[in-house]
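Pasting the structures here.
Here chain A shows up in two complexes: once beside chain B, once beside chain C.
Our next item is the complex of A and B:
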């Protein structure tokens, strides 16, 4: 799971280079003013490439905070998102 | 946490509250349009990004069948794409792409094009808007001297009646073409063969839904094209304060261009003032015919952008044999609507 967090931080750091790595785990669209639609799409595309997944339609709305995305990826790694 | 849901009419009050924040006269404010276009049909849906009891974003997805070099191409056309909260547009965009990665943007906001460029969509060159009797519009950003000049110009008689424009055309070029107004699309209106490398080629059911001739909020007029007495295609005119050539198709490009001009003339027959008219074209044989009639092409292309096209032809896409009509997606379905009594400020 530590590996997931590390890789997810890399995805976030590539999408939001102006934010320090220490701040990224707390990032969400509510707290990060620069998290606009374009960054959101970029982030989802980067995560799909990094983790080799296609985000299912029913999970798209999770992609609004680091914590929710991490939760999705952990469920995915643990045998598929429920 | 939010949730993306498909719009149903019982959610209209929530949607209306969001539409009030989207801007003046936003189309989603008008229930007859919303419920007709986005519910109860097989082609078009509206997705809402809900957070608690509020709509924070929307995207409509219109599934359209085109033909490219004679092969069917199912695409989706995004409409009403709006994010009221930062980031809400991302999951909605992905929802659109999941429905079908082959997708079109025709027009679109600057925000939409930022996304399209970043996602490496293909921009097609050469699609122009052709306008006749273009209205003089005073924009809020106009400097005072220009705004004043425009207001004065608005008071002066301007434009040419559409029927008079037909006098500029050689009669022998359209003498064999007649039109008959219809209320329903039927199979025989669809051309059996096409000179266009790319065109909208939907079913009769789609056409009867999308360009229905008895709607309250928009008025479509459907004309059968007869060439030497035989059906050669059809023209649909969006008959509003600004006329728009909404959709058209025929088995020959010159016949179609002249039929469009005849249809416009027919719709304007009883006009007292010259009405603004708009159409789009990228076709190299149709464009000079529109120009001779008096239409002026836009200097810039109207953005026509694809995602997920089949492999590009050598030398890129050539739109000069494409048939691109204006009123695709929701392009002709914008507020204020004909039956709209409650403009919002």
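Our next item is the complex of A and C:
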């Protein structure tokens, strides 16, 4: 799971180069003013490519924070999201 | 390159203080990952600069093109897709694919193509343009089955090919070769329907990456290499001439050796485009020369210089060839069928590019031909390209004839030199930028320019551009020296000064400065000089001109110039 967190931090760091890595695990749409719709598309595309997953559109709206995305990826890795 | 890798390349790019590399991207869809990947590919090629991509107006390619001339970019990239030619050819508009609509779609496409041609032409006046015609499969608009090309599809292609062919005739427009794209990005794997519908970004990531890499290359192309040194046996021809004789080696269909004929044909074509071709072969000279003189050879002897046929080390032959050409190993490809010879040459000349001529595989040998065409390809062939080999050969011949010991004054006097100096910057001579960007040895400071930077620099009213052409009784060298700078009354600052190595030792540098002093009535010239790893010949020359060791911003007064200038024998 530590591996998922590290890889996710890389994805966030690439998408939000203005934010320090230490702050990224706490990032959310509410706290990060630069997290707009274009960054969302970039972030999701990077995650899909890096983790080899296809995120269903209905899930996308829930991906509003680092923590929620990390949960999703951990569930995927553990045998599929519920 | 993966998207995350691209983002990381950009994240690690030089900070704000690095010189910006501004490029404009014009497309009708959301540029998204295409913008990121183009920026990353350019950033990798220009690691000391900070790439900035400015995009046009979303959804309107034509409006985006109109903005380009005002943007002062070093290059523009224009990406056309079907929807830019008629929205009905895209997936985001629902306005009819009925057979009755097809003629009107064709009319619209023809009209839009004319407007795009005009827009791209105007944009290309400001900075070079890399253009791609639609790369996605055509949507199922027409009534014909997918395997059949109907009149509608073919007429569409005709309009597009005409658009591309017209624009490709302009030196500042580079149209992307779709065969290069097809080789790396299968048609069926290009369109991302989900992304098109949800974000108006039409490409899969794999296709975006290939397209971005090729567009970055077309926008700011690398300098082509300058020379090929080729082996003979089982390379230029099939067979070992020392064993089978001149009539026993072959390059034709009958002997299943046609690929060697194609190789000869390609070398001939490259030679005619100004690429230097030499031979390095371990053989008995009398046998090998017989083969080269065969009437049916496709690479005639007069297209090759020097020819090194001997039993010594190939690396030594390569050293002599590089000396005769007076160019660095890193501008040269060495082709041989023997991995041992390739390794031996590489060990002595680490910068040289080595390519193996594959034995027994026509397929791989054909790939080698494609590779050579790409490495040596250029956008246009100039008059100087035709003169290059002859001037190198005659310079070499003169040195050999005199045993290198003739009196230089006598030689200069009797050679009847003429230097023609032109001060024209509108339109700029494309040869000027080519010389500035590829000259290493006689180069004032090693400064390089992209086409856009060059255009911006020349557009400044105080900038002057001097291009000098040389000829003497041995023949013409063509345009061999370029000097640029800024004039301020009786003072002049030289920003760039380069001269082809073919023109050394003729006092052309003194004649150039004399012309500069006289044309503008100057009292002093300041040089933006900087020592580089490879401009030793320039440093020696500056020492002679200045009568002192050159340093940054060295100044040459008219008085000092007249004092230090040796006799000049140029005819008017």
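Everything below uses one rule, namely that the second predicted complex is superposed on the first by the 82 of 82 C-alpha atoms of A that agree within 3 Å, B and C clash if a C-alpha of one lies under 4 Å from a C-alpha of the other, contacts with A are read in each partner's own complex, and residues count from 1 in each chain.
Note that a residue touches a chain if its C-beta (ideal position, glycine included) is under 8 Å from a C-beta of that chain, and two chains touch if they have at least 3 such contacts.
The model shown is predicted, which means the values in this text are computed figures rather than measured ones.
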- First (chain B), second (chain C), both or neither: which does A:38 touch? both
- Message: Taking the superposition on A as described, I'd like to know which of chain B and chain C A:46 touches: first, second, both or neither.
- Response: second
- Determine, under the contact definition given at the top, whether A:57 touches first (chain B), second (chain C), both, or neither. both
- Note on the structure: Counting residues of chain A touched by each of chain B and chain C, the higher count belongs to B
- Regarding the shared-chain residue A:26, is it in contact with chain B (first), chain C (second), both, or neither? neither
- Examine A:67 and indicate which partner it touches, taking first as chain B and second as chain C; both and neither are also allowed. neither
- Touching A:10, do we find chain B (first), chain C (second), both, or neither? second
- Item | Overlapping contact positions on chain A, where the chain C interface meets the chain B interface | 38, 41-42, 45, 57
- Item | chain A-facing residues of chain B, complex | 1-4, 49, 83, 85-95, 98, 111, 114-115, 118-119
- Note on the structure: Within their complex, chain A touches chain C through residues 10-11, 13-15, 17, 38, 41-42, 45-46, 49-50, 57
- Task: Spell out the part of chain C that touches chain A in their complex, as residue ranges.
- Result: 2-4, 7-8, 10-11, 30, 32-33, 36, 194, 198-199, 201, 205
- chain B partner contacts - residues on chain A that touch it in the complex: 29, 33, 35-45, 55, 57, 60-64, 68
